[in-house]
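Each of the two complexes below includes chain A, the first together with chain B, the second together with chain C.
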Partner chain A sequence: MADASSQDRAAASSTAPTRRALYEAGVRRRANRIALISTLSVIVAIFVLVPLAPGWEAVQKSFFNGRVFAATFPGLLDAFVLNVMIFAWSAPLIALTGLAIALCRDARAPALFPLRLFGIAYTDIFRGLPVVLVIYIIGFGVPGLGLPRPWNSPYIWGTLALVLVYSAYVAEVIRSGIDSIHQSQRSAAASLGLSDRDTMRYVVLPQAIRNVVPANMNLFIALQKDVALLSFIGPVEVFRQAGVYKSLYANFTPYVGAALIFLALTIPATRYADYLMNKQNKARR
Partner chain B sequence: MSAKLSLRGVRKRFGDHEVCKGIDLEVAEGEMVCLIGASGSGKSTLLRCMNLLEPIDDGSIWLDGVDISEPGLNRQPVRQKIGIVFQSYNLFPHMTAAENVMLAPRRVKGQTRDALRPRVEALFTRFGLGDRMEHYPDQLSGGQQQRVAIIRALAMQPEIMLFDEITSALDPELVGEVLDVLRDLRAEGMTMVLATHEMGFARELADKVCFLDAGRILEQAPPEALFSNPREPRTKAFLARVL
Partner chain C sequence: MKLLASTALALAVSGTTALAAGHAACAAGKTLTDGTLTIATGNPAYYPWVMNDAPESGEGFEAAVAYAIADKMGFDADAVTWVRTSFDEAIQPGAKNFDFNIQQYSITPERDEMVDFSMPYYTSAMAVLTTQAVMDAGANATLDSLKSLQWGVVGSHTSYSMLTGVIQPESDPLLYNDNADVNAAIMAGQIDAALYDLPTALYLSAVVVEGGALLGQFPAEQSESPDHFGLLMEEGNPLKECVDAAITDLTESGELAAIEATWLAEATGVPVIK
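So, the complex of A and B:
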């Protein structure tokens, strides 16, 4: 008898929700309702209140002008291809340079001390300067040497400036990844007779780099935005193209168009980086 | 018979704390020596000194009549001859079990995967892991991981194996499978030094048991003598607590 009733209970629990499940579902429904109502009221407030501002009409005309938007958006997209290209050839260079600098900073042999010093100086200097300043100094300075074409191209020197700055940050991230690998992994490698070099290459680095993928993704999202800074030294990428349109139409709407293009790329990338980060945090717990 | 490995007056300090206070120990070829003693008595540190993971401050360590504690000596050839297995396994988590085992023979001895494969497969099969070679460490139980760690050390064909409390992190039901591996190696005549809390195991298989207390070997004797008839009061007190 007792057997049969416990079987009943087991069967019931697999189909009907338990008291606790019912209670939690109720709590969840209420929380969702409250979140929805508060979000909607904020949105309504913005749409109702902002147009009541005295300067709204002027702002609408100069920033959210549908006609100008339609006329300029295709041109902005074309210009954005240049951003993507500059990003595409900078990113691998940054990854490689960052890794090299991180390894320089980790060099332990006395003969390599200059390398270590270089690594420290490099990261200190380039993390300490505004990106736009480095772009100005290199982008205007180096071509001033009067080099022959194509060596006076702002693309080359602008890219170099981005690589210098961003690889300093990437190097620091990779180094933190190297530090995060537990000493016992190095002990295990050493006890098998592996050299320091092989220990780094086969044991420490593969784990370190895997650990810092999400952090580096955030850096590369920032890089995608900072490509726009190259417009200051010449290349007509999306930001500069928006400026050209602004002058042409005497209207700021092209800037909003450019902003939308950036967001279309950076928001999914940011979400993905967060997703990776969360996954990693969960795996560690 | 001259000793395979001998420690003479070995001292090791971490900062102000002296962990080994002059240790003398002889390990003969094919012998199994067990180090017992409370946590913090210096067992692990002593093992780490033996394969030069920790530099010693004073005294000397001799392998086949050569002083391997000479400062500045190239440590890699020594470590190839002395394998160590750690309490926490320390497998490389980003490699399969087979890759864990083959890394050192490939990189240090320049052997190819193809040449290694039969020998590595034989080792895995011998220790009951024939179907686990392509698993990653986090897909294996603690006992399986520890056996892979032992295989990894054996793949370098060491002359001496050191075991640092290799069953201490394992669930009780997994201890047996790892001890079986040690029995197997013992039967094969491997020279071994174990730091262990498995008193029954030490009693069954060791040639010599050393009781460490506060960085000194207080007493060393064959297991029967040490376990049934300890000379030192501290040894008696320790055994009374653990047996």
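So, the complex of A and C:
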């Protein structure tokens, strides 16, 4: 609908702009001008005023030190490979577990009530705990039971901790997607003779999951950052490597380097999530 | 034992008050608060560097050294206040909330560019902390044997450089936030061995780590880059010369050695790594 009306307007304005169209274009130009001036003045203020602060030189030396940056950045990039690997094997596990938990919460048969209860308890507990705490408890606690190597590896149990916490969030997002599918869809499916199972699989889930893709994208961007928390139980990923350099050089620049690496990945991902979200909003309008 | 130690310390300190007058003028007007010396240590401060996490008592090697230095600089024990900082707080830019910071800071040229270090007050051997189980499994005090172990160290310690530089383990070492996490990893069997300064390793193996054992040590005099501990100060702190003078005095008069003998256990029984 929106497309059709804008096409109409475009067609009208291409022949001869009305007075109203001219006026509106003028307003838009003025708004753009003001936005540009205000943005530029903020940028200029930051770049001129901050270096005037009395401690700027000291801050620059410990946070934006070119020499330290050059010495540590390659090492940080190497360490970041581990982040990507942990992310790569955690993400599918999280997606599957989250889906399973969401289905548990949606179990409607009375006999399956315990499953539903489990789903509720799971999401309540793991959404209520700080990620770091779960990583510590599982990452040190479970191996402490006396498992032999390699089964006590911090990679295994740290990944489990991430999966537990993040699948709880993903489950809630998927559940909201399932709830957003109107009851009439299930009724229609039932009238076609689909079983409950097939209704979920072929009617509800495909729509539900499509609806929550942008929300889940945001969760995976957050996961990408939280992978760094695994460093608490041993793995030397980019955040820990930056910490090592920080101690070595008594300088915080390596953290800035790590931040840049994270941003290089998360900003495009966030933009993409926003794009998906906008596209979806437009389609719904 | 503790009483005896404190008495020895008191004797050592009182014997030097005559000398202190000479340095007293040095520190005047250079401290954070006039007439007070503000000393920072870790949070928590670990045995045997500070006993019972209470530096005010003057018990423990670093607490005793701090009070001895303060005395040399003309500050009575009453004129010393303690604050606690993490490593990061100590190196952050901007005004510091301490005159000097004493928590086993290893002096390295890289760090020295950002902050100031005093002269070393202690030179530590590095020691390998492991468990009896690992030693029973055949680990011994040779470099070849050490290479094959799974290592873990505290990420902010200089022992990491020693580990990757000297031992060069075959599998990547795991890094942790603090001693407690390294110990947890040893007890969980996730790592075989950890590298600490000798006094800390002695304490951990005897008291903290269940079934803990010392596999061996790299004596300070044999290391290519021995681990010197220095007081950390803000870059360009004018107090540095006074602190250095005090430490020189303490070293030359043998008081520093006496404090070391009082608080840091003998480690002659620990085998030397070849």
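Everything that follows uses one rule, which is that the second predicted complex is superposed on the first by the 263 of 285 C-alpha atoms of A that agree within 3 Å, B and C clash if a C-alpha of one lies under 4 Å from a C-alpha of the other, contacts with A are read in each partner's own complex, and residues count from 1 in each chain.
Basically, a residue touches a chain if its C-beta (ideal position, glycine included) is under 8 Å from a C-beta of that chain, and two chains touch if they have at least 3 such contacts.
The structure presented is a predicted model; accordingly, all values stated were derived computationally and were not measured.
Asks: Touch check for A:Arg149: first (chain B), second (chain C), both, or neither?
Replies: second
Asks: Considering only touches as defined above, state whether A:Gly193 meets chain B (first), chain C (second), both or neither.
Replies: Touch status of A:Gly193: first partner only.
Asks: Figure out whether A:Gln185 sits in contact with chain B (first) or chain C (second), or with both, or with neither.
Replies: first
Asks: Between chain B (first) and chain C (second), which, if any, makes contact with A:Asn32: first, second, both or neither?
Replies: So A:Asn32 meets neither chain B nor chain C here.
Asks: Give the label of whichever partner, chain B or chain C, reaches more residues of chain A.
Replies: It is C that touches the greater number of chain A residues.
Asks: After superposition on the shared chain, which partner residues are touched by A:Val203: those of chain B (first), chain C (second), both, or neither?
Replies: first
Asks: For A:Lys246, using the defined touch cut-off, is the partner it touches chain B, chain C, both, or neither? Pick first, second, both or neither.
Replies: In the superposition, A:Lys246 contacts chain C only.
Asks: Figure out whether A:Ser62 sits in contact with chain B (first) or chain C (second), or with both, or with neither.
Replies: Touch status of A:Ser62: second partner only.
Asks: Enumerate the contact residues on chain A facing chain B in the complex.
Replies: Contacts found on chain A: 184-185, 187-195, 198, 202-203, 206-207, 210.
Asks: Given the complex with chain C, which residues does chain A contribute to the contact?
Replies: Residues in contact with chain C: 55, 58-59, 61-63, 140, 143-144, 146-149, 152-154, 231-236, 240, 243-244, 246-252.
Asks: Quick check on the complex: what are the chain B residues that touch chain A?
Replies: Those in contact with chain A are residues 48, 51, 53, 75-77, 79-80, 83-84, 86, 88, 90-94, 103-104, 107-108, 152-153, 156.
Asks: Tell me, which parts of chain C touch chain A in their complex?
Replies: 87-88, 91-94, 108, 110-111, 113-115, 150, 152, 155-158, 160-161, 172-177, 181, 184-185, 187-191
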